[in-house]
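You will see two complexes here that share chain A, one where it goes with chain B and one where it goes with chain C.
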Partner chain A sequence: MDIQIASILAVDGIATGAIYVLIALGTVLIFSVTRVMFVPFGDLAAYSALTLAMLQTGQLPGTVMLVSVLAGIALLMELTSHLRAGKAAKIPKAILYYGILPVLPPLIAWLSQGTVLPFWAQMLLALALVLPIAPLLDRIAFRPLADASVLVLLIVAVAVHFAISGLALLFFGPEGYRTEPISRAIFDVGGVIVSAQTLLVVLAAAAFSGLLYLYFERTISGKALKATSSNRLGARLVGIRPQVTGTIAYLLGGLLGGVSGLLIGPVATLYYDSGFLIGLKAFVGAVVGGLASYPLTALGAIAVGLLESFASFWSSQIKETIVFSALIPILIWRSLAAPQHEEEEEDIA
Partner chain B sequence: MSAPVLSPRVKRLLPWIVAAFIAVVPIFAGAFTITLMNYIGIGAIVALGLVLLTGFGGLTSFGQAAFVGIGAYAAAWATAVMGLPPFAGLALALALTAAVALFLGATTLRLGGHYLPLSTIAWGIAIYYLFANIPSLGAHDGIRGIPPITVFGLSLAPNTSIYYLIFALVAEAMWLVSNLLDSREGRAIRSLRGGATMLASVGVDLFRMRMLIFVFAAVLAGLAGWLYAHMLRFISPSPFDVRASIEYLLMAMAGGAASIWGALVGSALVVFLKNWVQDILPHLSKNATQLEIVAFAVSLILLLQYARGGVLSLLGTFVPRDTTLPPAAATGLPHRTPPAKGSEILRVEGVTKRFGGLVAVNNVSFDLQAGEILGLIGPNGAGKSTLFNLVSGALGINSGKIVFLGEDMSNARQMDIARAGLARTFQHVKLRPGMTLVDNVLLGVYIRTQAGFGKCLLHLEREEERRATRVALDALDAVGLGGKAMELAGNLPLGNQRVLEIARALAADPILIVLDEPAAGLRKGEKDALAVLLKAIQARGVSILLVEHDMDFVMGLVDRIVVLDFGSKLMEGTPAEVRASPAVQEAYLGGVA
Partner chain C sequence: MIQLPQYLLDVCRLSVSYGKVEAVRDVSLHVDRGQIVTIIGPNGAGKTTLLSALMGTLPSHGEVFYDGAALAGTEIEDRVERGLCLVPEKRELFADMPVADNLLLGAYTRRHDAAHVRRSFELVYDRFPRLKERRGQLAGTLSGGERQMLALGRALMGEPRLLMLDEPSLGLAPLIVREIFQIISSLRELGVSILLVEQNARAALETADYGYVLETGEISLEGKASDLIHDARVTATYLGGHD
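== the complex of A and B ==
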């Protein structure tokens, strides 16, 4: 391997890593606020890329159906729980949040069928379609188990992943898609070819990380999220409702997942089940940060991207084995760096 | 409860009824049903490992199918590629899964909480990709031409023949696991989930325990893989991916994660459900195989939301709990030689503990003589409980020295301190609410018994177990709970629970018992009874160190008192001296005006 190849691999790795950064940040965000290891994160990215691809080819994306069905189930659950509790006054709000807001993007997509939307509008619509998925999944799958242990929540998260990636096959079919690139420009930086798309990915990752930082440091709802993640009971005592911070975390996570899908769409061919591996690799990055530190998580995700890129050069066949095996030394390092407290959880499953 | 309840006799017969049913199935069932039953048996063996690992041990594995794969590939490679007989393949399969599990366990089992299950996903995927990419293992095409198993010249190629082998092994595995759970090691395994701190305090090596069940579950999976390879006679990587792992986990959960029968019931449930789904779905969609996984995922979520204990837990009320006392020997276990009365057993020398900037315990020294009751008192936040945790090894010290029975135990592990003869109770009672009183006390006897994992599996330790039971029953008698030996600890009132903790400590035959606020939350009468009990323990030659808030209780009981205030030792003396000390009065009541 010479410098030339190494630098190509490095650029490639950083671009892949930047995608993982977005997903890894979202994973840490959701985990710290809700204790849920949101395994289906990568699926959100796949959904947004595939949705955009279908919009670009003039088809009605399957996300329209998925979001409508999820919203219907969530609304039903919300209504029955309010009726059972005898709190009819809360029903109009429930209808607004679960019956109207989430189905607006599907409605727009359905109405705009046949008209060719401008490029940026397609991207926005794809993002808007993916945005409600995570909060709705939260309402349907996780909130009824709010008292469960981290382990039960994790098992549910894995099940949710299999459910929505299976549905993705139904909605998008088995073919792979690649979306139109945002820009086709190519730069030559000291002999290394860098495409504008790659640059965009890295810039977007940096921008969203920055925005997330500002959100946590400068806004009251960001601070509420921080408070919930550092001490749930304490946050409740000062009037922060875990359901609300949870929904915000899922919305933000959905945004990060959706954006990363839009960015990765033009660079890689995505299939209905591509999300799982993307999500897991991002998770490897998140573990570097101990599922708590955002900067370390970002660094870890970049490192995973680089490792993957170099591993595929040495042996494209077992690159997945290399990347996932890398988790084990990282985990050992983590457990030495920050010994876990014995979890006293009586209830699992 | 008015629900019909099975009589104990019917309950004892139940396994035999099930066994007889399974034995006659091939007589009337068609070939397809037999094939399904074979899958159920193989699934049950894997799920049984998960019941032990997840249901009892609290360790979730999303990678179990990878172990099945290692077993299957080892069998296929040994027979189809190398031409060895199937039983050589079995030896290779079991040895290889055990070796891989040992390596993975050594690297990942120290991880807490969610890290472990997620790491199982990672290595599960890594192993799957290895199968799919190693050319000598046939890569994505797999290995064909695996010969059938032959037993005494009899070929097990027909489905009905291997059926009996599979279910014989299922029965064998269930027997081993039920032996294990009803043994010294089994009680520790049943406490792993949620009882880690307590287990360490009675001298159990948690890491070893987790490793043993992890490797055992992997070996069961490897055995299932061997059967799988020889049943299908052809293998490819896809049955060993993460999806399959989820399916095994679903089996364990669906039946009842904390029940041996749950593995078989869950496996049957999943296999039949899967078969039914495969019949139905093609009528609904052309992507039936994908919808299958959706149906599974949704049923797993519903199961966790509505019946977290699995199907068998719904039937649980019909099966009565066994309340007959376990057999006990006439004599208990040999005692330790107690140190001579008045000799030093514990010396705390200039011990300091910091939490960040806060000095919780500052340069504290005291000692304790054999046969003595020493009280540790001080206002809230004085550092009593921290000092306690330092002495018992639950926390490490920053500087100073702790000497127990002449040995430096400054930063020894909790379990080693427990083994040296220190038993403790907890301020917030740590018992196993779902276990009987005898079983809870038997946990205290753990360090006095030796039977290892293998002996427990085969129940070769019954004599020792009977003697341990004698010790436990005597300890229960000593604290006045002898009549409730088979009740569940969780049903006792708090006062009795505290006393039960003391019985568990006594059963360990300790040199020193440390009690963390034993009188907290007790009524007057209970406190008096406790004082009498502690005096009786002292009379047996056991020393006691106790932290307590209740001054009346302490003053009438202890020989000497150490007073702590703001992490430092204020004074030390007899109860009368402490009562008379102006410094102590000031610490408790504020400055004298």
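== the complex of A and C ==
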């Protein structure tokens, strides 16, 4: 391998890693705030890419149906729980948050059927369609189990993943899609060919990570999320509602997942079940950060992208094996580096 | 149910169980506006359990009225919004966040009122200059005494109306204990009512207006703090015999 090939592989690896960064950050965000290992995360990325592909070919994506049905179920659950507790005053808010807001994007998609939307509007619509999925799944599947152990929540998350990717087969069919690239421009950076799409992926990942950082450091809402993950009871004692911070975490996570889907759509052919593998690789990155540290998670995700890129050069057949085998040394390193974490983790469980 | 003198907190026959074990049995007590009321009792008497039930972190039977309205069925967060605040025995600070952020989040229910938040910061830093010095330090790295101050400071940030303190002097050096109790009695001037659970019975009774003795989950004695401090049984059991 000469320096030329190495630099091509590195560029490719960083671009792939940037995608994993977004998904890994979302995974850590949702896990630390809600204790849910959100397995269907990669599926969200696949959903947004496939939804965009459908919109670009002028079809009504199945996401419209999915979001509407999920919103209906969530609204019913919300209404019955309020009525049972005799809190009629909370009903208008419930209708707004579960009955109206989440079904706006499906409604727009449905109404705009037949008209050719501009490129950027299609992307926004695809993103808006994917955005409500995670918070609605939270309301339906996870919130009723708020006090369950991490393991039970994980089992439910796996079940939700199978349901969601099974529905994706129904909605999008078994064939793969590739969406239109945002830009076809190509640059020559010191002999290395870099496409504008690659650059965009890296910039978007950097921008969203930066925004997330600012949100946590500069806003009280972000700090409330941090507080929920730091000490759930402490947060409740100052009046922070874990349901609310959880919903925000799922919304942000959904945004990160959706954006990463839009970014990979043009560079990789995605199938209904592609999301799982993407999510799993991002998870390897998240493990580097111990499912807690955002900067380490981002570094880990980039490392996974690079490893995958070089691994596919050495042997494209076993590149996945190489990536996942990396988990073993990472886990050994983590358990050696942070033995004092054990106590805290028992608290969480 | 009509109550002529409307207490800020009125607890009627409250019981709390852990499974089949009843840790608090038929406890009735009340806190007047602007009063400091203390609950003393031996280890394992059920003091922490009682406060947890009042805050809503444990389920309970019986009636609790706060400011004239029943608390049954309300969430912890609703109680916080209505000015009920607990400094728990374990403090429950945000260990991996700086002191200043811990305090800021103490004012979470008033977060939209920037002037309030600024005022509260001034008040807390004024009372606990140590916290101001250490405002950038992670809460988890504070000393035991500093942690107690932070817990109390975080509670004050929300401008509570009824502050429930679970052993605020736990593990503190005598000098700081005195300081903490001075701060507690000065809170009365701010219009904060206090329900104080303490091992340090003498300091508690000297600070409080009224006191209850909780033993094996039941109230065994109650009265004006100034009377209790001279009561033969209290003196023998909780004040070390001399007096």
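What we mean here is this: the second predicted complex is superposed on the first by the 339 of 349 C-alpha atoms of A that agree within 3 Å, B and C clash if a C-alpha of one lies under 4 Å from a C-alpha of the other, contacts with A are read in each partner's own complex, and residues count from 1 in each chain.
The rule is simple: contacts are C-beta pairs under 8 Å (C-beta built on N, C-alpha and C of every residue); 3 or more make two chains touch, one makes a residue touch a chain.
No experiment lies behind these values; they were computed from the predicted model shown.
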item	value
First (chain B), second (chain C), both or neither touched by A:Val287	first
First (chain B), second (chain C), both or neither touched by A:Ala85	second
Which of chain B and chain C A:Gly239 touches, first, second, both or neither	second
Contacts of A:Ala227 with chain B and chain C, given as first, second, both or neither	second
Chain B versus chain C as contact partner of A:Pro144, first or second or both or neither	first
Partner, of chain C and chain B, that touches more residues belonging to chain A	B
Touching partner for A:Thr115 - first (chain B), second (chain C), both, neither	neither
Residues on chain A lying within both footprints (that of chain B and that of chain C)	none
Residues of chain B defined as touching chain A within the complex	54-55, 58, 60, 62, 104, 107-108, 110-115, 117-119, 121-123, 125-127, 129-130, 133, 193-197, 206, 243, 246, 249, 253, 257, 285, 287, 290-294, 296-298, 300-301, 304-305, 308-310, 433
Touching residues (chain side chain C, partner chain A) in the complex	55, 57, 73, 75-77, 80-81, 85-86, 88, 91-97, 101, 104-106, 108-109, 111, 154, 158
Partner chain B, residues of chain A touching it in the complex	37, 141, 144-145, 148, 150-152, 154-156, 158-163, 166-167, 169-170, 277, 280, 283-284, 287, 291, 317-318, 320-321, 324-325, 327-328, 331-332, 334-335, 339-349
In the complex with chain C, residue positions of chain A that touch it	85-86, 220, 223-224, 226-227, 230-231, 233-241
